[in-house]
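Naming follows writing order (A, B, C and D), and every chain is counted from residue 1.
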Amino acid sequence: MLDAYPREIALDRGLLVAAIDALAACAQTCTACADACLAEDMVAELRTCIRTNLDCADVCAATERVLTRQHPSRELLQACLAACRACAEECERHAGMHEHCRVCAQACRACEKACSELLAALQ
Amino acid sequence: MLDAYPREIALDRGLLVAAIDALAACAQTCTACADACLAEDMVAELRTCIRTNLDCADVCAATERVLTRQHPSRELLQACLAACRACAEECERHAGMHEHCRVCAQACRACEKACSELLAALQ
Amino acid sequence: MLDAYPREIALDRGLLVAAIDALAACAQTCTACADACLAEDMVAELRTCIRTNLDCADVCAATERVLTRQHPSRELLQACLAACRACAEECERHAGMHEHCRVCAQACRACEKACSELLAALQ
Amino acid sequence: MLDAYPREIALDRGLLVAAIDALAACAQTCTACADACLAEDMVAELRTCIRTNLDCADVCAATERVLTRQHPSRELLQACLAACRACAEECERHAGMHEHCRVCAQACRACEKACSELLAALQ
């Protein structure tokens, strides 16, 4: 869709597309991980993971929309980095036991990387 | 992520994944199309398209989340079909002139198809 | 804000405002109820309630945005009614034990009423 | 709903509730302002305002959800402050001509204030 945008794009297209894709994947994976955690027998031990998943999904979804409008604020990218990092750390603690947490931690780390590369290009 | 879900999945996995992917693509494409319409010189003639894009993006994003939790309500799929159809029809009117509307109409039609196939399997 | 809208509004303003307010309250209450359920000792028995809360929050938030753009589709209102009814029924089952479920069931019923009144006025 | 939360709340309740309410109001007002701008004859001059409104609505809605889960990250509050400030500044430029921009600027400033007070209490 970026190729069909009628004006010049001020950002590095490759970094922007990579960030948008990583955000979309991360938001969806976090939503799925929260739901899978909820279905585990040991759900009581996954409360923090579920909340962190839901937070990360909300922040990534909002950031995805803002970046799709090519409006990357430094502050929003930093908030997104913080949410992805917190969720990755929490999911990594359960990654050995729950495959969905392992996959989710990877998606969060990939998103953290894509957002920090875009952030570095802004500065 | 569905493979990592700790319980049985009551739905056809292929149809569910296809619908979730189509919804994610449609939500993002509609957000981008609204923004590209807004940047066109003839924005005044694209007001309806922008509103319809924003509606479709919101309904698809919510449906994507609900389906990711494997909770497809017939009513929500029907609402999503209606939003995709309305947005496809509106974008098709501008598809000859605006590449972003042409691509967006395709994403809406693909999403309409994926949701109606999932809906048919529910009934 | 509706008074500041620069064009005529085709809908009954009172019903529209009532629906938007009820949707905003319901989305927020469902988000809070999901989080309170998650913090309960008996979280394992509240899994369905949490999922239903999250679904209802997502559908109400999307419907609130669409109605704020004065674009009420019959299908979306029906999807919202279904989500509110499902969440109210689930929360009512726990209302005797959990105050947050009692309050949430009320918010869902109020939202169901406001949306069905707006729907009736559309037809 | 906070009174029904089954555990202790680590934050100042008054500041938390004020921020959640201001975020909900700001998200809705920005959505409405974007739509009203789109309906103006001079829509072409309001493009930046519409985009800034949509960004602010998305960031505030995500922050509202995260705060409802009592998880205020400093970074997210800072991103929200930046979005509210940008939207207030843009709307203030049109406030003399468009009542919806005047009201929206007020909602953004109120939200900026509530978020910065919560942020100050966190530090």
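Everything below uses one rule, namely that contacts are C-beta pairs under 8 Å (C-beta built on N, C-alpha and C of every residue); 3 or more make two chains touch, one makes a residue touch a chain.
According to UniProt, the chain labels map to these proteins: A, B, C, D = Four-helix bundle copper-binding protein.
These numbers were taken from a predicted model, which means no experiment stands behind them.
Seen from the Cα centre of subunit C, the chain whose own Cα centre is farthest off is A.
Between the chain pairs B-D and C-D, more C-beta pairs are in contact across C-D. Centroid to centroid, with C-alpha atoms defining each point, subunit B and subunit D lie 27 Å apart. Each chain gets one centre point, the mean of its Cα atoms, and the points for subunit C and subunit D are 21 Å apart. For subunit B, the set of residues touching two or more other chains reads 35, 39, 41, 51, 54, 61, 65, 69. Residues 51-52, 54-55, 58-59, 61-62, 65-66, 69, 71, 73-76, 78-79, 81-83, 86 of subunit D are the ones that touch subunit A when the two sit in their complex.
Taken together, the subunit A residues at the contact with subunit C in this complex read 35, 38-39, 41, 43-44, 47, 50-51, 54. Taken in their complex, subunit C has these residues touching subunit D: 1-7, 20, 24, 28-29, 31-33, 35-36, 39-41, 57, 61, 64-65, 68-70, 98-100, 103-104.
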